[in-house]
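I'd like to ask some things about the structure below.
Here the chain labels run A, B, C and D in written order, and each chain numbers its own residues starting at 1.
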Amino acid sequence: MRHGFRMSVGADPDGVGKVSAAFAGFAQTHALPEAVRRSVNVTLDELLTNAISHGTAAVDASLLTVEVELDLERLTVTLTNDGSPFDPFGQPAPDTTLSVDDRPIGGLGIHIVRELMDEVSYERRDGHNVVVLVKQLVE
Amino acid sequence: MEISTRASNDIRIVVIAGNLDSTTSPAAQKALDAVLAGAKKVALDFAQLDYISSAGLRVLLGAAKQQRASGGTLRIFGLNQSVREVFEISGFSSILAVYPSEADALGAM
Amino acid sequence: MRHGFRMSVGADPDGVGKVSAAFAGFAQTHALPEAVRRSVNVTLDELLTNAISHGTAAVDASLLTVEVELDLERLTVTLTNDGSPFDPFGQPAPDTTLSVDDRPIGGLGIHIVRELMDEVSYERRDGHNVVVLVKQLVE
Amino acid sequence: MEISTRASNDIRIVVIAGNLDSTTSPAAQKALDAVLAGAKKVALDFAQLDYISSAGLRVLLGAAKQQRASGGTLRIFGLNQSVREVFEISGFSSILAVYPSEADALGAM
């Protein structure tokens, strides 16, 4: 038994909002565990906003594609964009022990994704950034 | 997301319901800025907060810095398991004043 | 000759985004002067985000209604919400002369609206906040 | 709204195209924070910026404060008439470093 959906949106804040709403609807339809739904919604917000915030003038992402596949054991999310090559999981982890005053704003998103998901991977394929995220439905 | 405020003695309580992400953080930031400008003791009621992403953490960090600079207090209570997890992962549990319940948060404020 | 539209959206960030996009489309269809379009888009962003950010637990706005009317001389925008009574134009103007370091964040939105629009008014009517804004098409 | 960055010698230029309002400000803030964390000299190219609301001003003010604190520079150029008007109304023309052209902005940086 497999369910899923696939959607492409413009690489802008409205597009991020649409994906967020679509996933929340899918999660409700399939009665996903709350913890899974929330973790995936957070992950989508992190990685999609990155794709629209951190482009370079040379190769900006213009389209964000999200593919969600659900089977009995796991949820798999594949994010594809045509932006400049960027491996989110090649980044060092931020220092999360700094105090309120010393803590820089930013740099947390990818770290959160890595912790919330069970498996993360990145590949550059046919001029696209392809990120695959897996969340187990049972711990 | 919906934001509302209520008062308990001299403490202003901001209720954030729904989620705190890149779509909703500007509204939350506006609301918080306005409350912080007028109150020294502020508590955030997260009992109806569904999830938070780093866009929401950014708003909380800004609010915490502002309260610290102005000598006010900012306390947070009512986190669900997912919000708590994001707080742990990001180190926010140790830099923000998180309380298990409203009574605890307002207690010695 | 009169043109216009009316829409109601939920009192949330998505609703604000929808109104902004709808107005931009209307402005394009009717070839509104750029300065008018931009001033009205800024105004909508200020007042609609206020309605969703500054509620009280007692009476929160749940629905935001926007009505736009265009005639040969002016554009009239009427904003209605069912939130707690609040007269935006009863506020004192902020101090806009403070330096970067001293300037508080916030408190600018209503001031900007007042300056950008040619006429502004507020009325509490049948349990609703009604704000009417007029922008002349020719200076 | 679309954000991109380019470099001119040791100056990082952030191009913000479209509008800077409550919908787009989180993406702009993220982009700016990341650039400010890695560059002392930053210029904002507003030539393709259509309009800005106070949500956008909030992001600019935060960026200006941060650069000031870290001893960096932040310059802005290419404002259209509407953006310029909002800057005037809000007093931002006198607190932010606004230049008429890219050449002027990058000139003595």
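Methods note: a contact is a pair of C-beta atoms (placed from the backbone, for glycine too) under 8 Å apart; a residue touches a chain by one contact, two chains touch by 3 or more.
Everything quoted here is computed from the prediction, not taken from an experiment.
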Shortest walk length in steps over touching chains, chain B through to chain D: 1
Mean-CA-position distance for chain D and chain A (Å): 28
Distance between the centres, which are taken as Cα means, of chain D and chain C, whole angstrom: 25
Multi-partner residues of chain D (at least 2 other chains): 22-23, 26-27, 30, 55, 58, 62
Overlap residues in chain C, where contacts from two or more other chains coincide: 13-14, 17, 49, 105-106
Overall pattern in which the protein chains touch one another (line/ring/star/complete/other): complete
Residue ranges of chain B in contact with chain C within the complex: 1-6, 15, 18, 23-24, 26-28, 30-31, 33-34, 37, 66
Residue numbers on chain C that touch chain B, as the complex places them: 11-14, 49-50, 52-58, 60, 104-107
Residue numbers on chain A that touch chain B, as the complex places them: 13, 16-17, 20, 34-35, 38-39, 41-42, 45-46, 49, 96-101, 103, 105-106, 108-109, 111-112, 115-116
Contacting residues of chain D [partner chain B, same complex]: 22-23, 25-27, 29-30, 55, 58, 62
Complex contact set, residues of chain B against chain A: 19, 21-23, 50-55, 57-58, 61-62, 64-65, 68, 81-82, 85-86, 89-91, 94-96
